[in-house]
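Two complexes come next, and they have one chain in common, subunit A, joined by subunit B in the first and subunit C in the second.
And now, the complex of A and B:
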C-alpha cells in the first residue's frame, strides 16, 4: 500500500470517529428534546410535583360574568393532554368561577373531576383562606372535590352549580392544587449547589493553597495528591454509601438536604483542589518573589497577589463543581431522598432534578417527563457555562490592560 | 570609612544541597554607593545578591554559613525577615509588576505594612513614581493595569514600588537584561539619581553598564570573589590576570 493510500485511510478513520461522536451527541440531545419538549410549559416549571389537597373557606357572593359566555366556554386552561372535557363549562355566580367536568388520565390515574376553567377578577377566591386564617391561592386548573362536605363524585356540572347555589353563608371547599411540575426539584437543586459549594469551596481552596504554597515537596504531598486523584475516580455511589452510613445514620442527620450536600461536598473536593492547584501553579514565581521582596508576609502574598491571579481557574472549578452537583444522582438518591418537595429545613429531604428524572422514569415509567427534566438540566448547564465564561473573563486580572 | 559601612560580609559559604555555590566570600559594601557584581553565568553573583535580603529562604535546599552584618546585625541570625526586606528592597531581572493597577502596585508595599491613610498613600505613590522618573508618563492612568505598560516602564514601576518602601538598600538583579537600549539608558540615568539617596547593589552581565554606573565592582568566578575594588581600577588596571581576561572579553 502506498503512502498516499495509507494517509487517506487514516484520515478517513479520523473523520469517521469525529462524525460518530458528533452524531451520537446530537442524537441523544435530539432524542431528549423531541421526547420531552411537549411536556415543557410554564406550569411544568412553576408547579410542585405532588398534588396538594387543602380546604379553602370562601365567602358566598354574587359575581356576574363579565365576558361573553362563548368566550368563557372556550377557555380551556386545563392540561389538554391529560384532561378531556366531558361537559361544557358552567359559570357559577356564587363563587365567580366557571367549572368544567373533565376526564383525567395520567399513567396509573384515571378519574372524572371538576376543575375551575375560568375565574373572575373579583371572585371571592381572591380572599380565600385556610382553616387557620392564612390566605390560600386558588387558580385555574385546580380541582374541586367537595362543597361543604358533599362529595362531587358522580354529579353533573349543573348538579354542582345547583349544589353551590343552595348553600348559604361561607363555603368550605375541598380543593386539590394540580401537580406534575418540577419547581421543588429546581429549588432543591439550587439549595444543594449552594450548600455543597459553601462547604467544599473553602476547604478545597485552602487545601490547594497548602499543597502549592506551604507543603514541602515530598512523600506527604505526593500521598495527598495521589489520594485526591483516587477520590476523583471513585464512583459516586460509593460516596453515597459512605454518606448514608456516616451522615444519615451515624451522625443522625437523616435522609436530608444536609446529608446530601455534605456527601456531594466530599465528591466535589478533589475537583476543586485539583483545579485550584493548577490555577495556583500557573501564577508566576516572580509575583511571589516580588511580593516577598516588598516586605509582604506569605499570607499577604497569597491573598493579595496569588489568589486574585488564580480566580479564573477557581471559577472553572466552581463551574465544574456545579455541573457535578447537577449531574449527581446516585449519591443523592441514598442521602437526600426522592421526596419531591422544597426542603423546609436542613434536615428535611428533597430530590434534585436528576433524582427526580430517575424517579419518574423508573418508578412511574414516565419517560416523557424524565426527558422534559433532562431538557431543563441541559438548559441550566448551558446557562451556567455561559455565565462562568463571562465571569472568568471579567475576573481575569491579566485581561485588564 | 567604617561609619559608612552598610554590609559587612564575613566568610560566607552557601550550598545548594551538596553543591557549594559561594566560597568564602568577604566583602564590605558602603553606603550610598553603587556596587556592581560582574562575572560569567553561574558564578554565584545573583545567589550572593539574594543572600542580602534573605530571598534564598524560598529555596529549601539552601544552607548558609558565615556572617552578613547589616547595620551591626547578622541577618542570618534570628531577625525579622519582613523588616529586613522593607529595608533592603529588590528589583528583579524581568519586570514583574503585579496584575493590578499602577497605583495599587506602588501602594502594595506600604499597604502590606498596614498603612491605610489614603492621603499618605497618595503622597507615597506620587513621590515614588516621580523618583523613578515614571510619574509624567503614567499620572493620567494610575488606575489602569500595570500590565499595559511597556517593558521599560514596567521595570521603572518595579523600582518605584521598591522605593515606596523607603528602603536603605536597593538590590538589582540584572534589571536591564530584558530591556531595549533606550529603556536601559533610562534606568541607568535613574540609578545615577537614586544613588544619592540609596545604597545600590547591582548584578549585571554588561561590563559597559558596570563601568558606566558603579563606584565599586566585584568580579565573581566559580563562586569566589576574584577581585573587588574601585570600578576605575578594575577596568583599567586589575590586579588579577583572570579579571583582565574577563573584562577584555577573552572568556565568559
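And now, the complex of A and C:
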C-alpha cells in the first residue's frame, strides 16, 4: 500500500473513532431525553415519591360555587398520564371542592379513585388539620378514600356527594397524597451538597494553601500528594464500605444524611485540593512579593492578596464538587440509604437523585422514570459545565492581565 | 519599654502565624488520615474472618460460588468477571479514545476541538447510574437479540458500558499529553519528509506514551471500580466462571453493593474482604500511575 493510501486509511479511522465518541454521547443523552421527557411535568418535580395516606379533619360548612360550573369543569386538572376521568366532576358544597371519579394508574396498578379535581379558594380545606391538630395540606389530585369511616369503593360521584352532604359536624377524611415525584430527592441532594461542601471546602482550601504557600518539598509534601492521588483513585464503593464501617457503625450515625455527607466530603477532598492548588499556582509570584514588601505578614498576604485572586479557581472547585455529589451513587447507597423522603434530621436517611434513579431502574425496572430523573441530572450537569467554563475563563483573563 | 512591647507584639504575631500554619498543615493531613482510616477500617473488617478462622481464606479466594444461605463465599469467579470486563472495556475503549484524542489535539481546528472537548467533558460529567440506565434500556435488549441465552445482562453488555465510561478519562489525559509534545519534534519529522499521519504515529504518540499510559491505567481503575452502572447490566449470578461473552458476571464491586444493605456477621465481614481484594487491585494501579507520572516529570 502506498504512503498516501495508508495515510487516508488511518485518517478515516481517526474520523471514525471521533465520530463514535460523539455519537455515543448524543445517543446516550438522546435516549435519556426521549425516554424520560414524557414523565417530566410540574407534578414530577413537586411531589413526593411515595404516596402518603393521612386523615384530615375538615369543617363541614357550605361553600357556594363562585364560578360557573362549566368553568369549574374546565379548570379541573388531570394528570393525563395517570388519570382518566370516568364521570364528570361534581361540586360538593359542604367541602367547597369538586370530586371526580378517575381511573388511576400508579405504576403497574390500575384502580378507580375519587380525586379532588377543583378546590374553591375559601374551602374548609384551608383549615384542615391532622388528628394531632397540625395543619395539613389538601390539594387538587389528592385522592379521597373514605368519609367518616365509610369507604368509597364502588360508589358513584353523586353517591359521594350525598354521603358528604348527609354528614353533620366535623368530617374525618382519609386522603392520599399522590406520589411519583422527586421533590424529596431534590431536597436530599441539596442537603447533601451543602453539608459535604461545608465540611470539605474549608479543609480542602486550607490544605491546598499549606501545599502551595508553606510546604517545602520533602517527605511530608510527598506523602500528602500521594495520599491525595490515592483518594482520587479509590472507587466510590470502597468509600461506601469505609463510611459504613466508620460513620454508620463505629460512630453510630446510622444510615443517614450525616454519614452520607461525611463520606462524600472525603471523596471531594482531592477534587477541591487539586483545583484550589492549580488556582493558587496561577497567582503571580510578584503579587506575593509586593504584598510582603509592603510589610504584610504571610497570613495577610494569603487572605488579602492570594485567595481573592484565586476565587474563580475555587469556584471551579465548588462546581466540580457539586457535580461529584450529584453523580455519586455507590457510596451513598451504603451510607445514606434508598428511602425517598426528606430527611427530617441529620440522622435520618434519604436518597439523592442518582440513588433514586438507580433504585427505580434496578428495583422497579422503571426505565422511563429513571430517565426522567436522568434529564433533571443532565440539565444540572450541563449548567455546572457551562458555569465552570465561565469561571475558568475568568481565571485566564486575570492571568493575561 | 516601647521596644520591649514591640518585640512582644512581634512574638505574638509570629506565634499566631505559626499556629495557623500548623492548622493548615493539619487540614492538608486530613487526606493522609483519610487514606489511613479507609485502609484500616476496610482491612480490619475484611481480614477478621480469616484471622479468627471463621472462614478459610483459600475457600474465599478460590471459590466459585457465593451462597450466603449455605455458608459458601467464593469470589474467584468475581475476580475473573472483573478482570474480563475491564480487559474487554480497555480493548474496545482505548483505541477509540486515543484516536479521538489525536483528532482533537492534532487534526481539529480550534473551534471543532472546543466542541469535542466540551462533549467529552459532558460525557465525563454524566453520572455512572445513567450509563447503567442506558445500558439497561438499549444495550441489554440488543445483546438479548443476538445472544443464545435467555437474558441480555452479560459480560458483553458490561464491557460495552464500561468501554463507553472510560472514554472521557482516557481521551482527556491522552489529549493533554499529546498537546504537550514540543512543536520541534513535529517540525523535525516534517523536515525529514514524513507525512502528518506518520509524524503523529511515529513521533508524537511515542513521545506522549507515558501520559497516554497514565490515562489508560486510570481508565482501568475506573472500569474495575465501577459499581452502579455495572450492577444494572451484569446479571449478578451467584456462581460460575464466565466462559462466553453472553454469560452473566458478578464483579467484585457489585457483590459489595448488592448485599451490604442487609448482610451481617461473617457474611458482612466477607463483603469487606471483597473490598480488600478490590482495594489491593486499585492500590497496585495507583502505584503504577505514581511511577509513570514520576517518569514523565523526570523526563
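FYI, the second predicted complex is superposed on the first by the 365 of 401 C-alpha atoms of A that agree within 3 Å, B and C clash if a C-alpha of one lies under 4 Å from a C-alpha of the other, contacts with A are read in each partner's own complex, and residues count from 1 in each chain.
Just so we're on the same page, a residue touches a chain if its C-beta (ideal position, glycine included) is under 8 Å from a C-beta of that chain, and two chains touch if they have at least 3 such contacts.
Keep in mind it's a predicted model, so treat the numbers as computed, not measured.
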Touching partner for A:216 - first (subunit B), second (subunit C), both, neither: first
Subunit B versus subunit C as contact partner of A:358, first or second or both or neither: second
Subunit B versus subunit C as contact partner of A:23, first or second or both or neither: neither
Touching partner for A:309 - first (subunit B), second (subunit C), both, neither: first
Which of subunit B and subunit C A:158 touches, first, second, both or neither: neither
Partner chain(s) touched by A:333 [first = subunit B, second = subunit C, both, neither]: second
First (subunit B), second (subunit C), both or neither touched by A:297: both
First, second, both or neither for A:288, with subunit B first and subunit C second: first
Per-residue touch tally on subunit A - higher for subunit B or for subunit C: C
Subunit B and subunit C contact sites that coincide on subunit A, given as residue numbers: 297
Contacting residues of subunit C [partner subunit A, same complex]: 13, 16-17, 20-21, 23-25, 27-32, 34-35, 37-38, 41-42, 44-45, 95-100, 102-104, 107, 116, 118-123, 125-134, 136-138, 164, 167, 171, 195-198, 201, 218, 221, 224-228, 231-232, 253, 256-257, 260-261, 271-272, 275, 278-279, 282-283, 285-286, 289-290
Residues of subunit A defined as touching subunit B within the complex: 216-217, 284, 286-297, 300, 304-305, 308-309, 397-398, 400-401
Partner subunit A, residues of subunit B touching it in the complex: 53, 55, 58, 60, 82-83, 85-86, 89-90, 92, 94, 96-100, 108-109, 112-113, 144-145, 147-148, 158, 161-162, 165
Of subunit A, residues touching subunit C in the complex: 3, 6-7, 10-11, 13-18, 20-22, 24-25, 27-29, 31-32, 35, 202-204, 206-211, 214-215, 220, 223-224, 226-231, 233-242, 244-246, 250, 266, 269-270, 273, 297-299, 323, 326-330, 333-334, 354-355, 357-358, 361-362, 367, 370-371, 374, 377-378, 381-382, 384-385, 389
